[in-house]
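Every chain is named by a letter (A, B and C) in the order it is written, and numbering of its residues begins at 1.
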Amino acid sequence: MKKSKFLLIVTILVYFFIFAPLVLIALTSFTTESYIGFPPVGFSLKWYAKVFATKSFMDAFRLSAVVSLAATALALLVGIPGAYALSRYNFRGKQFIKDLFFSPNMVPQVVMGFSLFVFIIVALKLNVRIALLIGLAVSVVTYAFRIVGASIDSLDFAIEEAGMSLGATRATVFFRIVLPNISSGIVSAFLLAFINAFNNVPLTIFLSGPGVVTLPVAMMNYIEYNYDPTVSALSVLMMLMSVLIMAVSEKLVRAGGRAG
Amino acid sequence: MKKRRIWALLLVPGLALIVLFLVVPILRVILPSFAPEGRLSLSLYKDFLTDSFYLGILGRTVRVSLITCLICIVLGLPVSYYISRMQAGRKGVMIALATFPLLTNTVVRAFAWIVILGQEGIINKLMMSVGLISEPLRMLFTEGAIVVGSVYLFLPIMLTSLVSVMENIGEEVQEAALSLGANRFVSFMRIVVPLSMPGIIVGSVLVFTGTASAYSTPLMLGGNRNMMLSTLVYQQAMLLNNWDAASVISALMIVISYAVVGVLNGLSSKINKTEVTQ
Amino acid sequence: MAYIELRDIDVSYDGRKKVLDKLALDVEEGQLVSLLGPSGCGKTTTLRVLGGFIQPNAGNVFVNGREYTNTPIHKRNFGIVFQSYALFPHMTVSDNIAFGLKMRHLSKSETEKKVRAILETVDLAEFAKRYPRELSGGQRQRVALARALVVGPELLLLDEPLSNLDAKLRLKMRVEIRELQQKTGITSVFVTHDQEECFSISDKVAVMNGGVIEQYDSPETIYTRPKTEFVARFVGFENFFDLRREGGGYCFRGIRFASALPEAAGERERKGAIRPEDIVILRDETPEGNVIEGTVAVRTYLGKTYQYKVRTPFGDLTAAGGATPPLAPGDQVRLYLPAEKLVVL
C-alpha cells in the first residue's frame, strides 16, 4: 500500500530530534574556543587532551570501570544459576520468587540508593566501594535474569537429557553443555549490564564519597562549575565507548551463534 | 542425598543478594516511617501530604511524568507505525538507531539540552542573532525543560514497545477497514491504535515510572527550583539529613511505581491482552 | 459493456517481470465468476487490482459503467472477504458488521436494523455480542460475509475464503456462499486453487496461468473441452500425444483419428489428449479408427479400478480400466479413444 508522505516526514523529524542533540555535542567538542558554541570555531582536539589530563575524570573512569565490571560479574554469578533454576524447574511459589527477582525494576533507583546508603555504609559501616559494588550488582541483576533466562528457555532441554544419558552429572551438563550454548546470551547480558552499571547515576550519587566518585557523577559535578567543551569531549568519549561495546557485543554474539 | 533440593541452591545466591541488599534495606528505611517515636502512626505522612511545598513537588512529578508519557505516545504512534511497515533490513537499522541513545549516559543526554536550551545555548543564540528576541529566553530550569529532557530519554523505549506490537497487526485488517469505507486516518485511529493498546500500555508504564524516578535529568534541567521526588529524596537525605522525610518520600515513590503498574495492568486485562511483567 | 470489465491490465512489481499481462475479463451482472489457477498465476493479483489494493501499470477497471482505475479503496463500494477473514479482533460481531455502515454515517437505529437483519440471514443472531476469537472458523467466515454484504456493495470479491476451513466445513460453506450470492444477486469474483470447489459453484471459470487467462468458460466447457494443454492438465487430462490435421480428421503414424469436439484454432501440428478413465480397453470390438495398440508395462491397483501404463508408439499412455479379468504386464492391448472424449489442442 502506498506509504504516506506525512508519516515519512514525521519519522524524519523525530529521528532528527533524537540524534541532533548528540551530534551537536560532538561538534562542539572540536572547537578551538574556550566556550561551548555552535558552529564550532576551528578544529582542535585539545579538549580531548584536557579530558585525559583531568585527574578527577581519570580517577572516576578507573573507579567506574572497575566497579561496574565487578558488579556485572557478581550479577551474572548470581543471575545465571538463578535463571537456570527458574527456567528448568517448577515449584510452589515460583511466581513469587520470579516477582522478587525482577523487583529491582520496580523500585526507583534513588530509593535503592538511599536505602543502601543507610544500610551498608551507615549501619554495616562497610567501605563505600563495596557498597557501590553491591548496589550496582542489585540494580543490574535483572538483566542477567531476563536475558540469560531467555537464552536458557530457548535451549532445548533434550540436549541436557542427552548429556545425562551419556553419563554426565547435572553439574557437568551445566558447565559443558548448557553454558557454551547460552554464551551469546551471557555476553549480551554482560555488556548490557555493564553499560547500565557504568552509566548509573541515581544509585551512585548516594554511594559516593571523597575520592569515590563515578564518572557520570564526576561529570555532573564538573558541569555545575564549569561550562566548557571539556564536557563535550568527555560526552563524545563516553558515547564512543558505548558504541564500541555494542559493536563488540554484536560481533561476539554473531560468532557465538555460528559456533553454537 | 536429597536430590530434589540440590537445585534450590541455585536460587540461594540470587535470593540472598536481593533479600539482603534490596528488601531488607528498603524495609529498614520505610517501616520506621510508619512508627515515628515508637508508636504506629501516619503522622509523618500527614505532615508530608499537608505541606504545600512537598505537595507541589509530588504534583510536579506526576504532572511531568504524565505529560512526558502523552507526548511519547503522540510522537511514538505514527513513527512506530511507519517503522513497523518497513522491510526487515531497514526496519532493524531504524530500531537500532532509535535505541542507540539508550546506551548513552543520562548526564550526557541532559547536557545536550543544556547546550541547546541554555541562556548561552544554541536556540537563544540563533534567535538573538536573527533578531527574533532581544534578551535570551529562560528555557532551562523550567518544568518544560524537564519534560523535553524526559521525552528525549524515554521516547526510544516507547518506540520499541509500539513497534513490536504493531508488527503483529496485519495489513488485511486495515485493508478490510478501507474496503468498508474508512480512509487511512480513520483506519489508523479505529483499528491500528486500539489493537496497539498492549504496546501503548507497556510503553506508558516504562515511560511514566522512568520519568518519575529519573534523577539526573530533573536535576540538571530543572534545578533546585523545580524539584521532583527523586531530587527531593537526595536533598533531604544527603544535604539536610532529614531521613524521616527521605523515608516518607521513598515509600511514596514505591507506592506510585506499583500503583502505576497495577492500574495499567488492570486496564490491559480489561482489554483481555497480556499482562505487563517487569 | 459488461457489469465488471477489466481491460488490458498490466501489473509488474519490479518493472521487469509482468505479473499480469494485458489481462481482460468481463463479468455479467449477477454472475459468480471464479479465478482458478496454481499459486503465482496472478489470480489474487487480479482480485486485488479490482479491489483497488494494487494500481495497475496499465489498463482500466470498469464496474457498472463507471471507471474505478484510480479510485482509492475507501471510495469504492466493493465488498471483500479475505482469506483470513480480517475481522476486527477488538470489536464484537455486531460492531464488526456495523463498521461499514458507520463509515457511511447511517443513523444508529438504521444501523441496528440492518445488522440484525443480516445476522438473521447468516444465522448468527445469537452471536451478536461475541468477539471473533470466541467463534469457530465457519462462524467467522459468515461474519466476514455479513460485514461485506450489509453495506450493499456493487460487487463481492472473495480471496480464497474457504482455504482455512477443514474439508467438511469447506463443502458446507461453499454451498452457503453460492446460495447467498444467488439470493442477493450480487456479482461476485471468487479466487481459489481448488478445482472442485470452483466448478461446483461458479457460473463461469477463468483458468489463469502466468498472468494470463488461458480459458474463460462455463465449468462444463472447461472440463470437457479444454482449449490449451495447461488447462487440460489442470482439469485432469493425462495422455498427450502428437497429431497432425489431415483431411477431415487427424492422423499420426498412419492411424486415423476423429474427434467429435469442436476444434480449437491452431496450425497443422496438434496435440491429442484424453482422460485415463475415458480410454476404452477393447476386447473383441473393432471400431473404425481412434485405436492405438500397445503393451501393458505397469499395472497399479487403486482399489476401485486398475490403472495401466501402456507402452505405445505414441508414448506411454495411462488407462484406467475396470475390466475383468484384469490385464497383466506384458499383455498386448488395444486402446480405443472415443471421438467424443478425444480433445484436440
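Assume contacts are C-beta pairs under 8 Å (C-beta built on N, C-alpha and C of every residue); 3 or more make two chains touch, one makes a residue touch a chain.
The model shown is predicted, which means the values in this text are computed figures rather than measured ones.
By C-beta contact pairs, the most connected chain pair is A-B. When each chain is reduced to the mean of its CA atoms, the one lying nearest the mean of all protein CA atoms is B. Averaged Cα coordinates give chain B a centre that lies 56 Å from the centre of chain C. Rounded to a whole number, the gap between the C-alpha centres of chain A and chain C is 60 angstrom.
Distance from the chain A centre to the chain B centre is 18 Å, each centre being the mean of its Cα atoms. Residue positions 175, 184 of chain B are each in touch with at least two other chains.
Looking at chain A, one finds that residues 1 touch two or more other chains. Listed for chain C are residues 53, each touching two or more other chains. Contact residues of chain C toward chain B in the complex are 51, 53, 72-74, 76-80, 82-84, 86-90, 99-100, 103-104, 147-148, 151. By the touch criterion stated above, chain B contacts chain A in their complex at residues 6-11, 13-19, 21-26, 28-29, 75, 78-79, 81-83, 85, 94, 97-98, 100-101, 103-109, 111-116, 120, 122, 125, 152, 155-156, 171, 174-175, 184, 209, 212-216, 219-220, 230, 233-234, 237-238, 243, 246, 250, 253-254, 257-258, 261, 277-278.
Taken in their complex, chain A has these residues touching chain B: 1, 3-4, 6-8, 10-11, 14-15, 17-19, 21-22, 24-25, 28, 35-38, 74, 77-79, 81-82, 84-86, 88-89, 91, 97, 100-112, 114-120, 123, 134-135, 137-138, 141-142, 145, 170, 195, 199, 201-202, 205-206, 216, 219-220, 223, 227, 231-232, 235, 238-239, 242-243, 245-246. On chain B, the positions that touch chain C within their shared complex are 170, 172-173, 175-184, 186-187, 191, 194-195, 197, 271.
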